[in-house]
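These are the structures, in structure tokens.
One chain, subunit A, links the two complexes that follow: it is found with subunit B in the first and with subunit C in the second.
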Partner chain A sequence: MTYALRSFEYWAYSYRRVWRGSVVTSIVGPILYLTALGVGLGKLVNRGPGVGVPYLDFVAPGILAATAMQLATFESSYPVMAAIRWTRQFHAMLATPLRSRDLLIGHQLYVAARLAVVSAIYLVVLAGFGALHSPWAILAWPAAVLVGLAHSAPVSAFSAWLQREEGFNGLFRFVVMPMFLFSGTFFPVTRLPHGAREIAYATPLWNGVDLMRHLTLGTASLWPSLAHVAYLLLWVAGGLTLAARTYRRRLVT
Partner chain B sequence: MSAIALERATRARTSGWRSTRAHLLFERNLMVYRRTWLTIVSGFFEPIFYLFSLGIGLGHFVGTVHGVSYASYIALRCSRRRR
Partner chain C sequence: MSDAALIHARGLSKRFGELTAVDGIDFDIEKGEAFGFLGPNGAGKSSTMRMIGCVSPPSGGTLRILGLDPVRNGPEIRARLGVVPQQDTLDTELTVRENVIIYGRYFGLSRKECKVRADQLLDFVQLSERAKDRVEPLSGGMKRRLTIARSLVNEPEVLLLDEPTTGLDPQARHVVWAQLFRLKQQGVTLVLTTHYMDEAEQLCDRLVVMDRGGIAEEGSPLELIQRLSSRDVVELRFAHDPPPVDEQVFDGRVSRVEVLPDRVLLYTDDGDALVPVAHERLHPQSVLVRRSTLEDVFLRLTGRTLVD
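Up next, the complex of A and B:
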């Protein structure tokens, strides 16, 4: 574990040089989204058939979960391939007492830290917009980190397995974007036709969105929430197991 | 002739508009494109996904905007922006 912290230190150290830009985007991002969708489009939705609650309150946790998903997916895609193929940072680390598992855990810890900072900022902005309706909303913070890790762990396995960077286009275009658009982030999945709806229920993003939406609206109940958490943990564990294997195969053998 | 002079002479001869070597760069870009065309062609799906998600999915909860369905409203906006 201490070796994994050394690997974490590398990522944190290089992030110290670029943190300003990412802090600005993580403040401006939610403000723009909530103004355009929550306030602007929300006016039309609330005037029309509507989604049952004010649209701003509906879409705010969806945007938080989707942002956690996108940030985590990105951080485990190109940076992992770069550390394997371009800067070869992982190979440099393996020339020290660190082992491939330490590289994986250290990097995922770094992704978790990024998620914690970004989602904390998001939650403050959400509170400013008046989109949080329960003290339980504070639990949306660790939930956002969990949602992120449920994506970054399997994606890091994919990135370590991938031979050419063109594969990321397929990942972002045919997995990440459809998930972003159809996992209950902008409208309830009950609107989807059968077949598509079942796929949406199986995505970790929908489970995260539903968990966080009930937390911020103050309608969360214990067992469904625990089921979502357990399902997301399953994705983290499965992703890490797979990633440990692909890292070892790609870097060691 | 020194290397620098040769370089200058070549550049002087090829700096005119007609003697441009843009076709070499074009050829290079074409070769890169042979590997990435799938990425560009698959971009076709992106507006479709958006239209389905926001237009049809969310549109149901919006109802009509300026007398047309929300899907037609944003489809119109997208195509106008493209032009």
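Up next, the complex of A and C:
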């Protein structure tokens, strides 16, 4: 673990260059989203058949989960390929006592740290908009980190396996984008036709959205919540197992 | 002797699928020496270096580094090695000094220690003035020196240098050589690969000549030249295709003749004495007398030149 922390430190060190812009984005992003969707679009939605609760309250946790997913996916895509191919920093680390799994864990720790900061800011903004309706909402914070990791672990496996950066276009267009739109983020997945609905249920993002929505609305119950957590953990574990293999195959040849 | 060797290899092999990059080589590298792997691109030098660097598991044979097994004790061994890879692995967005500091952290050195060593090492490679600059705009020679400084941050017992001066201009190469020579004087064991014979002659106490994954010969540069070449070489260039040449023409004064696409090489113990004879009998456009080098040794061993 101490080896992994040394690799984590590299990412943290590099982050210092961009932290100001990054923090501003993290604050402005949710404010814009909540204003446009929660307040703006929400007025229309609430006048129609609606989603059972004020639209702002409905969409806010969805956007938090989707933001965590996007951030985590991005942080485990190009930066991983860069560390292998462009800055070659992973090769530098491997010339020291660090092992390929330390590089993987160190980087995922960094992604977790980024997720923790961004979702904490987000939750504060959410509270400002009056979208938190239960003390349990605090658990949406670790949940957001978990949702992120459930995506970043398998994506890091993909990135270490990928030979050409063009492959990321496919990932973002055909996986991330549809998941962002159709995993219950903006409307209940029960509105989706059969087939699409089942796919949505299987995505880690829907599990995250549903978990966090119940937490912020105060409607969470124990077993369904634990089931979501277990399912997300499965994605983390599966992703890390795969990534340990693709990292080793790519770097220790 | 081989038990005490710092790096010990027997029958060491590396295969990538169908391709055999390193084909059962034996060598021993002793403490404090500068040991070279000389050979053309693709001879298996870098694959050997990566195995010694514990980032590439051997496909066969025995390899012991500092008495340890690179597969099982990788992190322990790497903690005592310095590595200057062929391709830079500097973070060009960070500053010169930050690159050394963060690298020191990988070895578990305290932040304070990293800073102290970074300043000393940058001074050693004459980069102190650029310490606070980003790496990106540095010249190739400066980046190489920074990589060398960085590789020394853990005070390694063995320094592995894969093609340390490839791509550098002559002046930058001499600066790097001077620094490596100082390290050798300080007792650091140097292991390097190169396809430059002058680099091997400048730096190596002992070397192996590699070709097609195997070791063709082993010895000190001087010994190899004495054993496998003559004292002098007479190089002949012709305006048109060279005439057929064989040793007989020179009445036993030429031990060997090499006909290359652009010139003919005559190996002899007295080059100057041969010049008039060569002029008279072969009518070359130009004649050059020089001492034998490792290039000639390589040519003798493999029938090919080092740098294509």
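The criterion applied here is as follows: the second predicted complex is superposed on the first by the 253 of 253 C-alpha atoms of A that agree within 3 Å, B and C clash if a C-alpha of one lies under 4 Å from a C-alpha of the other, contacts with A are read in each partner's own complex, and residues count from 1 in each chain.
The rule is simple: a residue touches a chain if its C-beta (ideal position, glycine included) is under 8 Å from a C-beta of that chain, and two chains touch if they have at least 3 such contacts.
In this text, all values refer to a predicted model and were calculated from it rather than measured experimentally.
A.B. asks: By the touch definition at the top of the document, which applies to A:Arg173: first (subunit B), second (subunit C), both, or neither?
C.D. replies: first
A.B. asks: In the overlay, answer first, second, both or neither for which of subunit B and subunit C A:Pro97 touches.
C.D. replies: In the superposition, A:Pro97 contacts subunit C only.
A.B. asks: After superposition on the shared chain, which partner residues are touched by A:Thr2: those of subunit B (first), subunit C (second), both, or neither?
C.D. replies: It touches subunit C, and subunit B stays clear.
A.B. asks: Check the residue A:Arg17 against both partner chains and state whether it touches subunit B (first), subunit C (second), both, or neither.
C.D. replies: A:Arg17 contacts subunit C only, not subunit B.
A.B. asks: According to the stated criteria, A:Phe182 is in contact with first (subunit B), second (subunit C), both, or neither; which is it?
C.D. replies: Only subunit B; A:Phe182 stays clear of subunit C.
A.B. asks: Show me the subunit A residues, by the header's touch rule, that subunit B contacts in one structure and subunit C contacts in the other.
C.D. replies: None.
A.B. asks: Mind listing the subunit B positions that touch subunit A in their complex?
C.D. replies: 35-36, 38-39, 42-43, 45-46, 49-50, 52-54, 57-58, 60-65, 70
A.B. asks: Once bound in the complex, which stretches of subunit A touch subunit C?
C.D. replies: It is residues 2-3, 6-7, 9-10, 13-14, 17, 87-89, 91-99, 251-253 of subunit A that touch subunit C.
A.B. asks: Taking the touch rule as given, give the residues of subunit C at its contact with subunit A in the complex, in rising order.
C.D. replies: Touch list, subunit C to subunit A: 16, 53, 55-57, 74-76, 78-79, 81, 83, 85, 87-94, 98, 102-103, 105-108, 151, 154.
A.B. asks: State the interface residues of subunit A toward subunit B in the complex, per the touch definition above.
C.D. replies: Its residues touching subunit B are 41, 44-45, 47-51, 55, 166, 169-170, 173-174, 177-178, 181-182, 186-187, 191-192.
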